[in-house]
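Both complexes shown next keep chain A, but they swap its partner, so chain B is in the first and chain C is in the second.
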Partner chain A sequence: MSEAREIKVDYLARVEGEGGMTVKVRDGKVEDVQVRIYEPPRFFEAFLRGRKYIEASDITARICGICPVAYQMSAVHAMEQAFGVTVGGQLRELRRLLYCGEWIESHVLHVYMLHAPDFLGYQDAISLARDHRAVVEQGLRLKKIGNEIVTTLAGREIHPINVRVGGFYRVPLREDFAKLRKELDWALDAAVKTVDFVAGLPFPDFEPQHEYVALLHPEEYPFNEGDIASTAGLRIKKDDFLEHFEELHVRHSNALHGRIKARGPYFVGPQARYNLNRDRLSPIAREAADRAGLGARCDNPFKSIVVRAVETVEACAEAIRILDAYERPDRPFVDYEIKAGVGHGCTEAPRGILYHRYEVDEKGDIVSARIIPPTAQNLPAIEADLRHFVTEHIDLDQENLTWKCEQAIRNYDPCISCATHFLKLEIDGD
Partner chain B sequence: MHELSLMKSLMRKVDEVADREGAGRVLGVKVWLGALSHFSPSHFEEHFVQAATGTRAEGARLDCVLSDDIGHPHAQDVLIESVLVDRDGQG
Partner chain C sequence: MGGTVVIGIGQERRGDDAIGLLVARRLAALPPANCRVLEHDGDGMDLLLAWEGADQAILVDALLSGGQAGELRVIDATEASLSAALFSSTSSHALGLAEAIELGRALGRLPDRVLIYGIEGADFATGSSPSPAVLGALDQVVALIREEIDDA
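On to the complex of A and B.
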């Protein structure tokens, strides 16, 4: 006999984390570690085809709510290269200022809201605020100043709208920055204090050796320009990126895995920038780094929190320098001629180099697009690090090991960072 | 981007309920969609049909109620209100 029955449930369906990790253990030894990204492919490169060149910066900005500026910058620099135009003077300075805002937003979010609670034994920033209210408030105010830079210059803090090929749609008046300029004095001081604060956190001894890759500019700590360089001696133009780097599809992840063709995994991001560009930091950022004991090179991924704090000092100091010398350009963008060509853009997103390549036809329609984000480049190196890390902690019970792995993954500030609080750790083997 | 993950959680719960009730098939699912859940009933149904394919909930009737209360504490969420199962003579 068949009987239909209605069962009351009242169950709240939850969005689960988009990340997972599988550890394979054999004879008490870690055999393999896989970081799985479930986040489905988004096909941005495919739907850019056939769109106008001018849309690329605004479409790709939607890829990330934390680093839309990076997507805009890589896109416009690529298009400008394709059209043979260079943006200089105050417009170039404003682009650096915009990047300062994004680095402050992103780094402060990670340092205060995601990473610091791990070191201090809290589940999240909300519980941290119960005992350390002033610390969290300092972080929030600092982040807000990053947001304000982006809003003042580019219309809104998330997915800004004022960036275009050749410059901007509109450039602010000097007085538009007046309030922000005052706030930046406080921000610089708070950023220096942040370095001192995070330098005192307890760091495990863990120093995996990697080949670090970042932009290298003759004079500046890099944002938008420079050669692509590595700690193993690589030095190439951005145009040659695809000759030296490749992305591979792996079975366990929807994110592609980056590697240097000749050698294998590599690392991008704040540690890479610091290790290659330390001597290009402003004096105040370098002093903060020295006081924090960072030295000439930082290999410990747990100390990436200190490097992010140092880069926040750099971004505040750079923003002050740019604003103090700011004179509103006569025109918000430079003219250029649309023509068929290929352009490459490689800029320093908060998480590391972000590479774009576009081919456009004579009408300025996009024929092909290629985007290589920093987290995908880092995944093989992250997995290698985690293999060492799990080996050292394999005796912990599942709950503690999961917690340690969540912390370890957050060292790399992957774009799935928010999701790793829901990390599902599977231990496969004996 | 988050629909797949949410559907996975929802289908797991439906499956748990069906197991507990010794059900052969799931005949219907009633869901409440929060005003800020970013779902319209038709959008939700598309995902539901896809997620249910090949499971015992395949072909189940879906009843969606879309809330318009943005102040509701679960305005951003999706709630399964009830599951209609065929106990298949095992009851």
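On to the complex of A and C.
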């Protein structure tokens, strides 16, 4: 008689949005893996059609409360390409600074509140805070500094409103950054300590082989610009993204699943960036990575917490470099001429590359929009990890295996865009 | 800093989920004395920072509890622990409102008084506008919050 076993979680805790998973095991073999993502259908792509080019960045920023800057950046870069304009100098630096803020916010949230409790054996950040108050306080203060970068530069910390095609609506004075600059010295030190702290966590032995995909820039650890490259030797311009990558509809999810046309699943995010761009990290981030034992390449997705911590160091160091050299540009944005065309934007959201493509007409109205978020690209890799992990750990008891599977999903910091967040209250004898 | 902070939580274009934002906008148009009004849709970790320094926090959010759309439920979270069993958050944010409050309690980072104004929602479909029943509650909720702040 065959023995069937099912590992099922209907609602994944500590995942941005709403999702679930089912792993079916029969006779000790994994039969089926499904990660269900309740992503709203492609509402925003339809919503953008007919809107003005200048609205794309603010509309798409609403897709995610955690990474609005990424949506803005991919949108403005796409429009700038369509109009044939390049943003350089201090305006380009300010965009990198804004991205530093978002990476700090997003990575610190994930490292301290979502991922660390897993490794320390806590159900959630609340029980972690009871025993390790100083650790959680350190995370809060770091997060606050990320928020302050975004607020100073973007008008407000959620749904920033100051980014536009060509640059910004207004640019801060040097003195607007004075308090923040002082805080960043503390932040850099705290970020380095964070790497040392998470490097000491216990990690399961698990090294699935993935093809990692990230931006590759000749000199910089990538935020806004670069070719799209992979550890299997792919190297293309962002314009050719849709020639090499596709999204497939699968029955169990209303999010599309990304794949490289020639080969299949791939992996985007901090680990992909690290594996392709380690040499471009600032010395202090690279030293922290070395001390943490990350090596030239990190294949264990459970160690993504260490990579996120290293990237937080990078973001703090880069923010300091930019602020120390900052001179307020004379004009907040560069001029351009609106014309009909197609533009592509591909930038490094905290969770990995975020691709936008727009076609605009001669009046600057959006004819079509395509948005490919990082989590959709990672879904097949997440399912592959679950299949692999359950196969290797089939002897764990149900509760432990279920928890580990949830962790395997959290490794990717999945984000389900634009979800609601009403409170659900179960009333008992009320 | 002191005073009251009113935080309207919600997501635009997700039907009744936007009600918290609408309440905040209405209050911000004529802000009560000694009161900050914020719109919020970040994560719970940011809530901890948003109420920092305030004596009183009033959190306004859509609610799903099986009641009638538009119904208001005021919950005093100052003392009572919001047990996970009673209060499950379906937050899109990594930490939900209930978790943020409990994390604040664990860290000693709660204002002296914390009130949740929950407005029962019915429709949370992507792209939809708030339903008439929920919009109908807006004036009353704003008025009650003004009274609450004046009495404090």
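Quick note on the criterion: the second predicted complex is superposed on the first by the 392 of 430 C-alpha atoms of A that agree within 3 Å, B and C clash if a C-alpha of one lies under 4 Å from a C-alpha of the other, contacts with A are read in each partner's own complex, and residues count from 1 in each chain.
By definition in this document, a contact is a pair of C-beta atoms (placed from the backbone, for glycine too) under 8 Å apart; a residue touches a chain by one contact, two chains touch by 3 or more.
Computed from a prediction, not measured in an experiment: that's the story for all the values here.
Enquirer: Just checking: does A:E6 make contact with chain B only, chain C only, both, or neither of them? Give me first, second, both or neither.
Expert: A:E6: touches chain B, not chain C.
Enquirer: Using the superposition on chain A described above, determine whether A:H110 touches chain B (first), chain C (second), both, or neither.
Expert: A:H110: touches chain C, not chain B.
Enquirer: For A:I66 in the superposed arrangement: first (chain B), second (chain C), both or neither?
Expert: A:I66: touches chain C, not chain B.
Enquirer: Who does A:L248 touch here: chain B (first), chain C (second), both, or neither?
Expert: neither
Enquirer: Could you tell me if A:D124 is touching chain B, chain C, both of them or neither one (first, second, both, neither)?
Expert: In the superposition, A:D124 touches chain C alone.
Enquirer: Taking the superposition on A as described, I'd like to know which of chain B and chain C A:A178 touches: first, second, both or neither.
Expert: neither
Enquirer: Given the superposition on chain A, which partner contacts more residues in chain A: chain B or chain C?
Expert: The partner making contact with more of chain A's residues is C.
Enquirer: Across the two complexes, what residues of chain A are contacted by chain B and by chain C?
Expert: Residues common to the chain A contacts of chain C and of chain B are 11, 14-18, 40, listed in rising order.
Enquirer: In their shared complex, at which residues does chain A touch chain B?
Expert: 1-18, 38-40, 42
Enquirer: Report the residues of chain C in contact with chain A in the complex, numbered from low to high.
Expert: 9-17, 39-46, 48-49, 61-66, 73, 85-99, 102-103, 106-107, 116, 118, 121, 124, 126-127
Enquirer: How about chain B: which of its residues touch chain A in the complex?
Expert: 1-2, 4-10, 13, 17, 21, 27-28, 31, 74, 77-89, 91
Enquirer: If you look only at chain A, which of its residues touch chain C in the complex?
Expert: Interface residues on the chain A side: 11, 14-18, 40-41, 43, 47, 62, 65-66, 109-110, 113-114, 124-127, 129-130, 133, 136-137, 139-140, 143-144, 147, 157-159, 416, 418-428.
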